[in-house]
Every structure is written in structure tokens, then in C-alpha cells.
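Some structures are shown below for you to check.
The two complexes that follow have subunit A in common; it is paired with subunit B in the first and with subunit C in the second.
Our next item is the complex of A and B:
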């Protein structure tokens, strides 16, 4: 087990390192000179400024050196400063991290609370109308763009019914964005729960349990649901990563004061250091969550450790 | 051997159409594609012309989907938007598939150590959600149709490469590939002539999954102002420019959104249907 944990942590570290280096190199995707492009946004640009900033961001160095420089600084918690205002990127992002985490957790929770029962109902009624209805809802769910669902929720629940404020960042405001993320991703959870449960319900030990005269709800909830949940845990990481992707857009729709909203502002203003920092923070969160879930899975299922 | 294939072929098509999801998906997609092709001829108004009618009027006989904040005809704009959305989706999937399949194949035929390293890199990029990857790339390349398409294409590559690798690795272990290797066929030739035809069917399924995610990403990017720029009537950008008027004119929200949903739904239905047909597990379940 110890070896397994050590190996997973090492892989996670290497993955984060690769992402940080990639983020450092990404500035070279900018067509032309990135410094000129950035300064063009803020108006004034003379030769001195360009030379000073080029040196400050290390852009006069070879690419590999820049990437290592960026990675070295990033690992020490220094993600550079923003073009506008010259504030430290890491601080700006970390300030908003709690809001983003709160929304992600609320969204994931909603997705699980909606998705698991849906998948359960579908699997238990396999081939019947209920199964068909749930799967239809699920496929509709993955087909709806999150931002459109968000706008529709605002239209119905905020503007029409007046139940929730349109935008902002407070406990009351979290309901609609969390619901948006939850509904979209519950479809994924429902499909995964259903397929895991359908496989398990075909197992011999379920027939044995029924033959032993156990009550049906006991068979379903205890004997079938428990192992099914283990397979669901493994895909929660996937759902979470996907959810973080959708969250960037959702935060913008609801003006939720998180990292995603800051990132889009930075992208529109071409504040490249801030965008790089955003990539580093988001990728790190995804790697940390998937690693934690992998470790949990290893704990639940000893076979995984030996792989 | 030849007998079974000839027996099977004529049965394939009706089976595919009997699959309800493929039938419904194909029907919706057919309508959208037709609308995209015929848009310039069937659009009742010039989609760019302001004040084709009064501003922000609801659906009526003259303006089926109503008008937007500049008095442009929404029906004409949504029709023309089909061209942009499908065009971006198609281009992105084509480029993504080309590179993804090539990379996946090459990885599958690499020596063990190189393979492990390359897979690791693909996995790292793949763990990043595709919408985010596209967003990050566009942020650096700059907004616009071409850049958005390229970014979405690149964001699809890891997914296609990963799946192709999985499929090709299975094929590689089979005797017919080994036979070809013993016959000293060049790896590139084995990939193209032996392996590719055998995984083509599965590639069609993942192709359609990529399509739906490409269209969603394109709409999302345009909505955020990083993809198609106004006044071009991409569905996401129509939603972006109309979002401040949704309380007065909900139709600006409803119709472009429905267009996105139905198009994405059609690809998802077709993908699901083909999977049902080809996945032996679900075939067993149906019988």
C-alpha cells in the first residue's frame, strides 16, 4: 500500500510539473510578440516598456530556459504579476479559490444527488418505460449547453418567479449555478450508475441473494448498490474535471466571483500571466482530486494497488 | 467466410434504421444540415440587415422566431448560424481525427518504453477538460473563427489519440497483424491497410461524440466572446449579444439555444445508436 501511495503521489507530482512547463511555453502560441499584444490592450507602448517587460518575463531567453524559469518560480508559489495593476497572480487566484471550490462542491453534490437515483431507477427498471424516460433525460442533459441552461434558469427563477437574485456571490446565489452544473453533470452520473448496476444485477450472487429469500430492497440497496458505488467513485474524478470545465462558463453566466470569471476577464484583456496562473491552478486541482480518488479506490479495492 | 459477410451486409442498414436513436438522430441532423446548406435561399431576410422589423418583437407570421435587439430577423440568423456551427464542428472534428488517429496508431506501434512515455503525456493533456483546453488555447492565439476552430480541433486530439490507441493496441496483438509483420510489411502500411479498416467503425462512433463536444465548445467560446465575433450569427454569439434582453425578449434565448441542443442531441443519439449496434454487451441484452 505504501508503495502504491508513493507511486501515485510521484506520478501526480510529475503530471503537475508537465502542466506547469506547458503553461510556461504556452505564451509562445501568441501570434507575434506577446508583450506588444499585451501592451496594445492597455494603450501605451514605447520601446523602453517593451524591452523592460520582455526582460521581466524572460522572453529574451531560449524557450526551454523560460519554461524552467516559470516552473521553478511556480513551484515556489510565484506565478508572476498581472499586466494590469501588477498584482501578484497567485494571490489574486487564491483569493477567489474558496468561491470556486464552494461552487464546484455544490455542483458535484447536486450531480450525485440527482444522478445516482436516476441511474438506480433506470437499472432496476431496465428495458421498461422508466428506464427509457431516465435515459432520454440523461441524453438530453448531456446535449444542453450549460450556459444556456444557466440563462434559462435566470429567466425562469430570477426574472420571472423572483426566487433568486440574478447574479452575485453569496450563499443564496449559489443555488442556481450549482443547479446548472448539477443538472448537466447528473446525466453523466446517471449513465455511469446505470451501467455499473446493470452489470452487477446480472451477477450470480444477486440471484443467490434473491434465492435466499432476502427482500428485494435489501438485495438492491445492500448487495447491488454497494459494489456499484465503488465503480461510481472511480468516475467521480472524471465528472469533477468535466464539471470544472463547465464551471468557467457558468461562473460567467451568474457573475460568480470565482477563478473562472477572473480567467475569462484575463483572456479578454490578454493578461497572459494571469491566464497561465489559471491553467496551473485548475490543472493542479484536477490532478489532486483524481489522485485522491485513485488512492481512495486503492483503499476500497486491494486489486488496484497491485497494478 | 465470404458467405457470412455477404449474408450480413444487406441486414446492416435496416438494423441501423430500426434502431430508434439512430433514426431520430439522423432525422434531426438531416434537417439541420439541410437548413445549413439552403440557408441563403430560404432565409426570409438578410441576417445582417438591421431593422428588418421592429426591435425585440416576439415570434409572428412575418418573423417566425421574432427579432433581436437591432431588429434583425432571428429565424434568418439562426438558419445561417447552422452553417457556422456545423462548419466549425466539421472542420474541428476532421482535423482532430486526422491528428488524433495518426498519433494513436503511432503510439500503439511504438516500442514499449517510448509508448509508456507518450501515453503518459497524452493522459496528462486528456485529464484537462476539452472546453478548458480550447479556452486556454484561444486565450493565447486570440479570438476569431479560425483560431477557435484550431483550438477546438487541438482539444479533441488527446481524446481521439487515446481511444485510437486503445483500439489499435487490441488489433496489434491479433495474429493477422503479426502475420503482416512477419511478411515484413512496413509499420505505416500495416496501420493503414490492416488496422485502420478494422477500427473504422468504432472511430465513427467517437467521431460523432467529438462532433457534439466540438459544437458545444464552439458555442461556449463564442458566448464568452472568444470565438465567432458579432455580428456573425453563430448560435453562441447570438446568445451572447442577446443575453441582456432575455427578460424582455425570451425568444432570443429560446431559439438559438434549441438549435444547439437539437444538433448536439442528434450527434449523441447517433453515437449511442451505433454503440448499441456494435457493442456485443448491449446486443446480448436486447435479445
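Our next item is the complex of A and C:
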């Protein structure tokens, strides 16, 4: 087990290192540079100024050198300072990470609250109208673009009903973005729940439970639903990891002060250190969550450790 | 409440920064689409940033609506006959946000810091060729190595704001300490900026009526990136003032419950330019014919919902040396028949059109205007392939396109803004903005206008514009050009916009 853990942690470290270096290289492939973009907006795009500031920010160095320098600093916890405003990148991102995590947790919670009952209803009504109706709703939920759904929620719940504020970062503000993320991701949860439950309901021990005269709700909720949840739990980690980085648009629509919203602005301004910092934090979060899941599987299932 | 729900509640509330919306009547909440990229006025580059720093820092001189300089932090000034020396008498009795007195030493500190390479000042070029800044008694003397005509305009704009020495902390950090109408309370990057009224404020800006402290106690500028959400916040009363989309501005303009404001002094305009090194766009007749095909009146009325005006000069209306009537004579007007005849004479017809790329970047109003341009061009025998890029990629792309001498020619549009027509130097002097510089005689003329003042400078600026228009290098379209529109509820009174789309809240009153 110890060897397995060490191997997983080493893989995680190498993955993060590769991401850090790739982020440093690939960002230079994107057309546009931060200094031209900055000066064009300052009404002072003087060629001498461009050359002077490019050198001052170290952007005149070869890309490989910039990438390696960045990787070295990043591994020591120094993500640099933003080109726009000269603020410490790590501080900016870590200040906002709790907001992003809070929204991811709320979105995941909403997805589970919506998705599990939907999957349950579909499974116990397999092949009937309710099954099709629920799955149709789930497909619609995942098909509607998140930003459109978010803007619709704003129009309905904020503007017309006045139930929630439009924008901001507070406990009241979290409801609509969490609902948006929850609806989108509930489809996956519903499908997983349905699939697992349908399989389990065909198992011999379920038939035995029914033959023993157990009430149907006992059979479904205790004997079928519990084991089905194991499959659901496996997707929870993946959904959560996706939510951490995949809520960039939702944060933007609802002006939620998370790292995704910060990243969008940084990308448009080509603020390389901030974009790289976002990629590092995002990649690290994904790697940590998936590594934790791998270790959990290893703990639960010895066959995984032996592979 | 179960243990699980307790945990979830704690996560949702504890891990989240609470920023309750203000309920005080004297708090004005303003929604913008983009945040400032910094609060150091000598490091920021975007107009959105300077809109904020302009609320905290005053200027040595102020500008009236015609662009003429008036006293500001300097109560008077004298300019030497050779235009090399500017002696500013600094007003006494002014107080910085940290309670210290504003002195001539603060002015020297401002200029020294701005010119220090460590500051990385993106607007250093606008300070001009300064040789020294010295102080004697209450007078600060700025000495130039050569005459610099635009200096007073820039001194009156947010490009050269005056800082107090308290702006630099003991450890070398920065705190925004100025003499402006508002002082910083809090900044949460990309989320909100909270400013408080400066009780000690004395106003000298002729665009502002209120002589003292702003009427509102607190100003909260929140960032709501999505235009739809911003408008929902305005309509629901969550914010008092917001940047609307063009479509929303047109709707709100006809709604008595709202007011719409346009940045009339923005010094902004949109123009069409050409990759003039690539044939056949190296031919002025072709460039002028394309200009004749562009229906700028329709762009203003349809694409911009009538919220902007057609314009004729290469620099924006209201700036020094800009005479729209003269420019109309020098440039081209919409005449598709004449355009078609010129192009047919050069062998380009609707069956055998001139093929160009119409390269643009994404901006509100731009999409529809460019579709209309594409139709206009098709009618005169020019087949334009429309290509849209986001802003940073567009600048990079055009920097390369403007260097080319062969291949598919490019017709492109751009916007520029400033407080002085001197921005034509940034654009057209070699290498120029995204390498659009013309070189030769134009470079010399642009250099020369900087050394002149008064009528002589106006004359030179007009000479420059005449060449740009007669040679068809620039086809001005509309002004102002992009989203410096504001909308408020009818409860808000006294909101104004200033030069380069600065926003002025000193006169704002909120009705009960």
C-alpha cells in the first residue's frame, strides 16, 4: 500500500510539473502580447515604450527560459506578480479560492439533490413515461448552455421575482449560480444513479428481499439505494474537480468573485503570470482530487493496488 | 439541522467573503463591466483604471469643455517664450487624503517617480521630453529639452495626475493618496472598489459645479461583466448607475424611468485604415474609393442606435486642431456611384471584384457596422472577407499585416482616444500603432506639431489631417466609438463624463 501511495503521489507531482512548464510555453503561442495590449489601451503605444516595458517585465527572454524560470519559482511557491497592477499572483488566487470552492460545493450539493431523486424515479419506473420524462429533463439540463441558463435565472428570479440579488459574492448570491451549476451537472448524477439502481434491482438478493416480504420502500431505499450510491460517489469526485475549474463562465455571469472570473480577465489582457497561476492552481486541484480518489479506490479495492 | 447540513452551511457562509449590498441613501453603487487593472496612476494603462484613479488624484491644471486649460492644483502658470519652461504656482491650503498638506514637493515627487524606470509607467511618452522638475518656494518649474505642445492637455487629463508623497509607503509599497474628491476604502480586485468622499475636497474643475466635498458619502463600483446581468441589476435597483450595452442604451433612452449619458468629451472615434503597402491599396484612389463606399451615417444610426455621430476628421471632435467642416472637404463622403466608377476604371467590377480582408476586433456595435460595411463594399465591387479577433490577438495580427507588402490587402477598423490630437503621433509616426506609421514627411510633421503651440500648432495639425484624408490613409467613421455609455435610474442627478471618458460624481445627488 505504501508503494502504491508513493507512486500515486510521484505521478501527481510530475503531472503538476509538466502542466506548469506547458503553461509557461503554450501561453506564448496565443496571439497577442501583454505589453502591446496594455499600451494600446493606454493611448501610448509608442514603440520605444513597448521595447522598454517588454524588457522590464523580462518578456524579451527566450520562451524556454521564461518557462523554466517560472517553473522553478512556482515550485518554491512563488507564482510571480501580475503585469497589470503588480500584485502577487498567489495572494490574488488564494484569496478567491475559498469562493470558488464554496460555489463548487454548493453546485455539487445541488446536483446531488436534483440528480439522485431524478435517477431514483427513472430507475424504479424503468421503461415507463416517468423514466423517459426524467431522462429528457436531464438531457435538457445538460444541453442548455450554462451562461444562457444563468442569464435566464437572473431575469426570472432576480429581475422579475426579486428573490435573489443579481451579482456579488455572499450567502444570498450563491443560490442562483449553484442552481445553474447543479442543473447542468445533475444530468450526469441522474444517469449514474439510474444505471446503478437498474443493475442492482435485477440482483438476486433484491428478489430475495421482496420474497421475504419486505416493504417496497425498504427494498428500494435500504437494500438497493445504498449500494447504488457507491457508483454515484465515484462520479462525485470527478464532478467536483470539474466544477472547480469549469465554473469560469458561471462565475462571470453572476459576478462571483472566484478564481475563474479573475482568469477570464487575465486571459483577455494576456497577463501571463496570472493566467499561469490560474492553470497551476486549477491543475493542482484536479490532480489532488483525482489522486485522492485513486488512493481511496486503492484502499477500498486491493485489486487496484496490484495493477 | 443535521451534522451534514451544518457542515454545508458553514462552508457556504464561512468560506465566502460576505459583501452585503449597501442600503445607505448616500451610497452610490455603480456597475462596470471591467475592473481597474491597478490603482497606481503611474502604472495603470486602461481607461477603466484611470476612471478610478481620476477620482482619487487631481491634476495640476483642469480643462473646460473646449479643452482650454484652467487652474487646478496650480493656481497659475507662466510659459517661457521659447516654450521650454513651465512655471506652476502651487495652490496653498490643499490637503492630501492622509491629512498631510499638498506641497510643491509632492509635484516634484510625482514627476520624478513617473520618470523612474522602476515605475514602469506605460504613459511616460505623454509626459514629453522633460529635462528637469525643480521647486523654489511655491513654484514648480518643469523644463523641457524641446518644446512640447500637448503638455497642458496631458497635464489636465488623468494621464498625469498629481500624487502625494504618502502614496509610497515606508517599505516601498503603494497606497493611493491624492487630493481627489474620493479616497480609497477598499479594493477587491475584479469585484468591487469602495471609495469615501473626501471631506477636505476643494474643486477647481470647470466641468463640475459643486465647489467642495461630493454630495454622496460613499461610492461603490462593482464589477458585473455580463451586460445582461448589469442591466438586470440597474433595472432591479441593485445598482444606481451602469454601463449599458448599445441595445439596452437605446431602450433605456426612451424610458422615462432611466437616463442615458454619452461620453461627449471622450476624444474617441472609429476610423477605417488600410494595409497601404500592399497593392492595390498603395493607390490613394483605391483607398478613397473604398472610403466613398462606406455609409457612416447609417453606421451611426443603425449599428450604434443613433447614440454616436458620423465624423470626418482623423482625430476626434473637440480636440485641438479638429475642424469637422474642413475635414469633410479634404476627405471623402458616401458616394457609391463615384466609388464604383473609380474602381471600374481600375478593372474592379462586381463580376471581378477587388478581394480584401475586412479585419476587425470585437466591440459593441462593431459587428453590425462591419456587416453593413461588407454590404457597402460589395456594392462598389469590393469583396471583403470579414475576420474578427479578440482585442489582444487583433493588435498582434495587425502588427504583422501592416508590415506586409504583398498578399491579400486588408481593410481594417480601429478606435483611438485621447485628450489631445497628439495621439495621431502615436498612431501615424513610424513605426506607429501596430506598425501603421507612414514615415517620411508625415513623421517630420508629427514631430513638428509637438514643438508648436497655439495657432501654429493648430495649423500643423490640420495640415497633417489634410494629408491623411486626401491620401485616403484614414477614413473616419463615427465618434465616440465604443462603449463609454452610461445609464442610471431617474433618481440620479448630476452625473457627468469628462475627458477621455472620465466619470465625475462630485455633483451627483440621489433623490429619495
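Just so we're on the same page, the second predicted complex is superposed on the first by the 249 of 307 C-alpha atoms of A that agree within 3 Å, B and C clash if a C-alpha of one lies under 4 Å from a C-alpha of the other, contacts with A are read in each partner's own complex, and residues count from 1 in each chain.
Everything below uses one rule, namely that contacts are C-beta pairs under 8 Å (C-beta built on N, C-alpha and C of every residue); 3 or more make two chains touch, one makes a residue touch a chain.
Note that this is a predicted model, so its numbers are computed, not measured.
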Subunit B versus subunit C as contact partner of A:268, first or second or both or neither: both
Touched partner set for A:252, first subunit B, second subunit C, both or neither: both
Per-residue contact with subunit A, leading partner among subunit C and subunit B: C
Which superposed partner A:155 touches (first subunit B, second subunit C, both, neither): both
Which of subunit B and subunit C A:167 touches, first, second, both or neither: second
Touched partner set for A:99, first subunit B, second subunit C, both or neither: second
Which of subunit B and subunit C A:8 touches, first, second, both or neither: neither
Which of subunit B and subunit C A:36 touches, first, second, both or neither: second
Subunit A positions touched by subunit B in one structure and by subunit C in the second: 30-31, 37, 147, 151, 154-155, 159, 252, 264, 268, 270
Sites on subunit A touched by subunit C in the complex: 30-34, 36-49, 52-53, 56-57, 84-87, 92, 98-99, 101-102, 105-106, 109, 147, 151, 154-155, 158-159, 162, 165-171, 174, 252-255, 257, 261-262, 264-265, 268-270
Contacting residues of subunit C [partner subunit A, same complex]: 8, 11-13, 15-21, 31, 34-40, 43-47, 117, 120, 122-126, 159, 188-191, 222-226, 228-230, 232-233, 235-236, 238, 389-397, 399, 416-418, 423, 426, 431-434, 500
Parts of subunit A lying in touch with subunit B, wherever the complex brings them together: 15, 18-19, 26-27, 29-31, 37, 126, 139-140, 142-148, 151-152, 154-155, 159, 198, 241-242, 244-246, 248-249, 252, 263-264, 266-268, 270, 272, 275, 279, 282-283, 286-287, 290
Interface residues, subunit B side, partner subunit A - complex: 121, 124, 127-132, 135-142, 212, 216, 219-220, 223-226, 236, 239, 243, 246-247, 250, 253, 257, 260-261, 264-265, 268-269, 272, 285
